[in-house]
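Next up, some structures in C-alpha cells.
Here come two complexes built around subunit A, the first alongside subunit B, the second alongside subunit C.
Right, the complex of A and B next:
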C-alpha cells in the first residue's frame, strides 16, 4: 500500500503550478482509474449476459432529472464530510478508521440534545453543531490519547471503538433513556423528532429540497485547506505527517499534534450524520445510515486527501450510489446493484495503482529533462574547453 | 489575490453552479405521473403491485421469501402485474424513498414495503402520493397517512408454541434462542419462546444469543454469524435451537444439523425450502409467519376495490402465525400444542411481548 500522503515536492512558483503538464499529470490518475473500472465492470456485466452500455446509459440519463441532481448533491454533502474527516487524519499519517463510530455517537447525542432543548434557531443550530463536533472529537480523542500515552496503534483502537460505538448506541437508544418511553412506531426504536428550531435551512429548487448543509460542507473544505496551507498548525501537521522524527527535531510537539489532529478529525466526523438528522429524518433511529465512515476513507483516498480532490471524489461516489439505486429496477433492465460496489472498489484499487504509475512516469520525465539539461551543459563545457585548448 | 482565496472562490462558485444546474433541469418524473391513474381503477389485470424488499430480498429462505410467495400467488390467482425491488446493506434513507418513488413513477399504485425499515420512507412517499395504496409489513406509526396499511403479526404467539415444542423435545432440558438483531421485533420472538418453554418446564435452561445490536442490522443476513452462535449454544449443551434471524438462520440450521440436534426455523416453512433440503431432517418445525397470506389478502382487498387502512393484525386466531408440520416431527405432541394454542386464542394465556429482564 502506498502512503496516503502525496510525495513531497518542492514548492513551485505559480507559473509552474498551473502549467499544462502538471494538470494533465494530476488528472491522469483518477481518469485512468475510472476508465479502467468502467472497463472491468463492462466485462463483468457482459459476462453476466447484460448489455453494459444499457447500464451506463441508465446511469447517465439518471443525472438529467433535476430531482436526481438534488439527490446526488445532498448525498455529496454527507460523503464530503465523511471524506474530509478521514483525510484530515491521513494528512498527518493518522489512519482514523474510527470515523464510523465517531459519527454514530455524535449524531445520537446531537439528536438527543435536539429533542431536549428548544432554543431559537440561531442558537439551536450552532448548539447542535457544537454538540456533534464535541462528542465526535471527544470520542476520537480516546484513540489519540491511547496512541500518545500507551503507544496503541490508532488503527487498532479506532476499529475497537467502532464496535464500542455500536454498543453505546445499543445501550443508550432504548425507551426511557434516549428514546421516548411510549413510541409512536412499533418494532423500531428512535429518538423523538428534534425540535422545529433544529431544522436546518434548505434551498428550494425545481428538483426538491437542496440541503443547506452543503454550505457547511463547503466551509469545512475551505477551512481545511486554509488551515493546512496558511497556518503554523497546518505546517506542523504536514511536517509531522511526512516525517515524525524530522518534525520533532525542528521543535514540533508531535504528541500534541497527534491528539489535536485526532480530535479535529473526530469533530469533522461528528458532522457527518447531521445533514440527515437536521434536514431529512429529524430523528436518530436504529435504521440510521451505516458505513459512511468507511465510504469516507475510500473517497479520501480517491481524492488524495486534498479538499478539492475529495469534493470531486464525493460527487463521483454520490452519483454512483444514487444512479446505482435505480439500476435494479425492472424498467431499467434489472442490473444488479452490486455492480456499483464493484465499480467503487475497482476505482479505489485502480486509483492507487494509477497514482503510482503516473508518479513514476512524472519522475522519469523529470529525470530525462534534467538529464538533457545536464548533457547540454556538459556539451557546452566541453565545447568551451575545446575552444580554449 | 492570494491562492487560498482563489481556491475558496472556485469551490464556492463551483458548488453554486451545480446548485443552479440542479434547479434548471426537467424533473425526471414529470411525464409519468399522469399515466398511472388508469391503473389505479384496476381493470382486468390492470392492478400493478410493486414490492420493496428488506435486506436479503427474494431468496433469503425466510421473511422476504414469504412475502414473495404472497406476491407470486397474487400474480397467478388475481392476474396482477408485479415488480420488485430490494434494499441493500447500509443504504441511505434517500435510497428507500427513491425506491418507492420509482415504483410509483412506474405506474405501480399498490405498493407493499417489506420490513419496518421502510416506515419513514413509506410515510413520506405516501403523503406525497395520496392516490397510491401502501402496505407496510411489521411496522406501524401512529402518524402514518391513511393510505398506509400496517400488516402486523403476533410473533410472540407463534414463538410461544415453538417454545412449547422445543421444551417437549429437548432431552437435555437445555434449549437455545438465536436472534438476528436485538430489535423490538425479535425480542417478541424471544419473549414468546421463553414463556412457551417455561410453561412446559419451569426449570429449563435457555441460551440466548443476539448476533448484532441495532443500528447494526447485518445479523439478519450473516449465515456465518448464525452458524457460530449456534455452535456456541450446542457446545454449552443446548439440543433444540430456535433462530429468528432471517438468512443468518440458515447458518444456525447448518450447525445444528451437523451436530445432529434439532433446529426450529422461522418465518417460512424452512423444512420445505429447497435451499435447506439437505438439513430438513434436523428441522423440528418452523414458526411460520404467514406474510404470504397477509400480502395476498391485502392485494386481494385492493383488487376488490376496497381501501384498506390502519392496522391489520395477523395473530394465531387469524392464522397469521403457526407451526409448520413438514417432516412430521411434532405430530406426537400435537395435542399439547393444540391445548396451548387454544388457551392463547381464548385469551386464557397472555404472552409477554418483551423478554423479562
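Right, the complex of A and C next:
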C-alpha cells in the first residue's frame, strides 16, 4: 500500500517544527493576561481619583535609569531562582508550596557556615552553595518521603513545613546558637556577618553593582532546560507530569521520581536566599527577605514552568516591584504601592485561565487540522486510483 | 480499492446492518430463537412502537456520538417500554456509558433523536433530563458522608419540599411506597453500600424521576444485596417506574430484566427476550461470534518456553478487613511462536494478571520467568528492557502521552533503549527518524510526527503503540484488547502484525473480550474466572458457546465441543467471513445478512 505519509525527504526542518502558530499560541495567554491586568488596574486607579496613565508613565520612565536597570536585574536573579525551584516540581505535577520554608532554612544554615568557616573564596563559595542546596533538598525530602510512604499530599505537608521552618529559624537564631552572644548595635537578632571570603563577585557597571549571582541563575536555567529536554531523567519527569499512569506503565518508578524531584526542587530553593546573603546583607536576620517562595510560585505559573518563560516572568515581576516602589513618592503623584500587588495578582489569575483556554483551543484545533489533512490525502489517493483503474 | 490492505479475518458491521432498514423486514420467525436484531416487543410487526399499548418511555433513534479520534456511538436504536426493567448490556468500552450520558443530558449526540414518552426532546444539561423525569444513579455514589440521608436527599432540591418536616415526610412516603427502607435521619457514613445505593435511588425518585438509569448497580454489591436490589426494582416497576439497568453480568440481567439490548463496538447489535435467551447466547451476542477461520494457518508454536508464570497470587484486604483474592494460583507458560489467549468476562482478574507480569502490581506470591530469567523482584523498566512489549488495555491511560508529539510517544516505555537514548542523554534526532519509520511501516495515518497523539484516531494511535512495542525485539508481547475501539481496517492490520511477529518467534499473551479475536488468533485458550484459570481449550475444537459457558463459571477443565458442533459452527463462520469480506464494511446490502446474526447461536447447539 502506498503510504499516505510524505517520504523521508519531506521531514520537517527545525524551522517548520517551531511553527509560527505555536509561538503565537504560546505568547497569546501571557500577553492577554498582562493587558487585561493593566486594564483592571487602570479602572481601579481611575475610580480612586488618580490618572492611571500617569502611573504607567512613572513606571515606564523608571526603567530608563541604568541604576534602576541593575536593581531590576538583581531582583530578577532572586526571583528566577525562586520560580525555577517551584517550576521543577510543577513539571511533574508536584506542588512544592514549601519553597518558602526551604530557602529560609537553607539561608540560615549557609549564613551560619559562612560565619564559622573561613576558607579561600574558591572553596568557601562552593561550600556555601552546596550547604544551602543540601539543606534545602533535605528539608524538601521530608515532604517527598511523606508522600511516597504515607500518602500525604505534598501541598499539605509543605505548607506545614513552611510554618515549621519559621519555628526552626526562631529556635536556632538566638544569641548563643546561631546569633552572636553579645548583640551588636541593632535590636534585630541576626547572625554575625559571613567571612570576607564568602562574598560573591559582582560586575561593576554604570548603574552600580550587578550581582554575579546572575551567572548562577542563568546556569540553573540552562541546566534545567537541558535536563528536561535532553536527558532520560527529564523525559521521565515530563512523562510523569503528563500522565502518571502512562509513566508507570512505561517503567518509570514514580515513587523514586517524586523523591528526586522534591529534593532537586528544594536544592534550587536553597539557592534563593544566597544572592541577598552573599552579595548584599552578608548576614541572616529577622529582616531577611520574606515571601520569595510564594512569589516564585506565581512567576512559575506565569512562565508556564519553562526555564525561558520564567526568565521573562521574573523580569516582569522584578520590574513591577522595583518600579512600584517609587509610585508612592510625592514627586510621582503618591500612587498607592498596592496597585502593583493587584497587578501581579490579576496577571497570575488571568494567565492561569488563559493558558487552559489556549491549551484546549490548540488541542481541538490540531485534531481538526489533522482530520482535515488526512481526509484531503485520502481523497487525493482515491482520485489517483480511480484514474489509474 | 482496498485490495492492497491485508484482508481482515472478518468484519463486524455488515453482519449487523443498520437497524431501521432491517427492522421493517425482519421476518417474525426470528423470535423463535429469542435473539433478534430487531425489537424486544414480540408482537410488533413494524417500526412504530407498539400501537395500542402505552408509548415507549424512551425511544432513541440513530444516536451517533463522535469524539475526536473515536466514534463512541454509531447509529444506536433503543426502545424502552414504560414500566419495565430494560437491561443494556455490553463489554466495557462498548459505548453504554456514552449512550446513557446522552440520555441523561451530560453529552449531546451528533446525530439522532431522543423521544421521552413519545415526545421529541433535546437535552442540554442533566437538569433538562431531570425535568423530563429521567434520573441516574451513578456507579460511584455521590453522597456527602458527613450529612444525614435527609440532608443528602434535599441537597440541590431544596425547592421541592423544603428542607424540614415536609421533606422528611416525602422521603418516608417514597421509601414506604417502593419498599426502600430508608431512614431519613441516619448519617450516610454509618450506612453500608447497599443502603447508600437505596439513598441514591430515593434521591432520584424524590426529584420526580419516572425513568431510572442504574449504571452497573450490582458491581459493588454482594449476592444477597443484589437480590434485595432486584426486589426493589420489581417494586419500582410495579409502581410504573421504568428502569434502565446497565450491566455485563449475564445471570443478573436474566434474573431481573424484562427486555435486553446488547451494545457492541458502539452500536446496538440486537435485542433479546430474557425469558427465552440463555446466558451463553447473550455472552456471544455481547462479545461477537463470527470467527476468522483458525485452521487456515500452520502452527508456529515451538518447544522453547518463553514466559513461565508460577503460582501467581494477589490478594487485597479491603476496608472491612475482608481479604479479596484478585489472582489465585495462576500458572501458565507460553512458548516461542505461541499465542496464548485469555478468555473471560471483564473484571475477573485479566487486568491484574497483565499488571502483575508487567511488574506494576506487587505480588503476594508466585514467580514470573522470561526466557529463563527470573523477573519476579524487578521493576517495570527492567522487565521492559528484558523484552516484554506491552499493548495496554486503556491506551489513553497507560499507553500514550496524549498531549505530547508522536515522537515523544515513540520514546515512552523505551527511553533507556536504542535509538531513543545514548547513555543518560536522549537522542531526539534518532527518535524522530525512527518514528517516521514506524509511521510508514505500520501505516499510521498522520500528517507528521510533531502532532500530538490526541489528534490521531484510535486505530492510528494503536498502530503507533504496536509499532513502538515491536521495535525493540520483544520476546513476549502482552496484548490487552489490542483492537478495542479500533476501526475495522486498522483491526485487520493489527491482527496481521501480531501474526507476523508470532511467525518470527514471538510469544504473545492475548487478553480479549472478543471471542472472535481469541479463537481466531490464539494457539491455546485459557479461561479466567474470579481470578483463577478454570478451563483451557484448543481454539480448533471449541465453540464460542462452550467458551461462553466456561466464562460464566459454569464449566471448567479441558473444554472440547462435540466435533459436529464445531464443524457446523466453523462452516457458518466461514460463510459469514466470506460474506463479510466482500466489500467495504458499511456498504454491504443490509438485507443479505441479518439471518446470519440469528443463525449463529443455533449453530452451536
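The criterion applied here is as follows: the second predicted complex is superposed on the first by the 344 of 389 C-alpha atoms of A that agree within 3 Å, B and C clash if a C-alpha of one lies under 4 Å from a C-alpha of the other, contacts with A are read in each partner's own complex, and residues count from 1 in each chain.
Here is the rule we use: a residue touches a chain if its C-beta (ideal position, glycine included) is under 8 Å from a C-beta of that chain, and two chains touch if they have at least 3 such contacts.
The structure displayed is predicted, hence computed values, not measured ones.
Asks: Is A:233 touching anything from subunit B or subunit C once the two structures are fitted on A? First, second, both or neither.
Replies: second
Asks: So, A:189: does it touch subunit B (first), subunit C (second), both, or neither?
Replies: first
Asks: Touch test for A:288: subunit B only (first), subunit C only (second), both, or neither?
Replies: Only subunit B; A:288 stays clear of subunit C.
Asks: So, A:60: does it touch subunit B (first), subunit C (second), both, or neither?
Replies: In the superposition, A:60 contacts neither subunit B nor subunit C.
Asks: In the superposed arrangement, which partner chain does A:337 touch: subunit B (first), subunit C (second), both, or neither?
Replies: In the superposed model, A:337 contacts subunit B only, not subunit C.
Asks: In the superposed arrangement, does A:27 touch subunit B (first), subunit C (second), both or neither?
Replies: Touch status of A:27: no partner.
Asks: Using the superposition described at the top, determine whether subunit B or subunit C touches more residues of subunit A.
Replies: Between subunit B and subunit C, B touches the greater number of residues in subunit A.
Asks: Which holds for A:177: it touches subunit B only (first), subunit C only (second), both, or neither?
Replies: It touches nothing on subunit B or subunit C.
Asks: Counting only touches as set out at the top, which of subunit B and subunit C does A:39 meet: first, second, both, neither?
Replies: Touch status of A:39: no partner.
Asks: Check whether A:366 is in contact with subunit B, with subunit C, with both or with neither, and answer first, second, both or neither.
Replies: Touch status of A:366: second partner only.
Asks: Quick check on my understanding: which residues of subunit A belong to both its subunit B contact set and its subunit C contact set?
Replies: Comparing the two interfaces on subunit A, one with subunit B and one with subunit C, the shared residues are 229-230.
Asks: For a test of understanding, state which residues of subunit B touch subunit A in their complex under the given definition.
Replies: For subunit B paired with subunit A, touching residues are 3-4, 7-8, 10-12, 14-15, 18-19, 21-29, 83-86, 88-95, 98-99, 102, 106, 116-117, 119-120, 138-143, 150, 152, 182-185, 212-217.
Asks: For subunit A, which residues count as touching subunit C in their complex?
Replies: Where subunit A meets subunit C, its residues are 1-5, 8, 11-12, 17, 229-236, 238-239, 242-243, 245-246, 248-253, 359, 363-364, 366-367, 369-371, 373-374, 377, 382, 385.
Asks: In the complex, go through subunit A and note every residue touching subunit B.
Replies: Against subunit B, subunit A makes touches at 14, 62, 64-71, 73-75, 78, 104, 166-167, 169-170, 173, 184-189, 203, 205-207, 210, 214, 218, 221-222, 225-226, 229-230, 276, 280-281, 285-291, 307-308, 311, 321-322, 325-326, 328-331, 337.
Asks: If you look only at subunit C, which of its residues touch subunit A in the complex?
Replies: Spelled out, the residues of subunit C in touch with subunit A are 1, 4-5, 68-69, 358, 360, 379-385, 390, 392, 397-404, 408, 411-416, 421, 424-426, 428, 432-433, 436, 439-440, 443-448, 450-452, 454-456.
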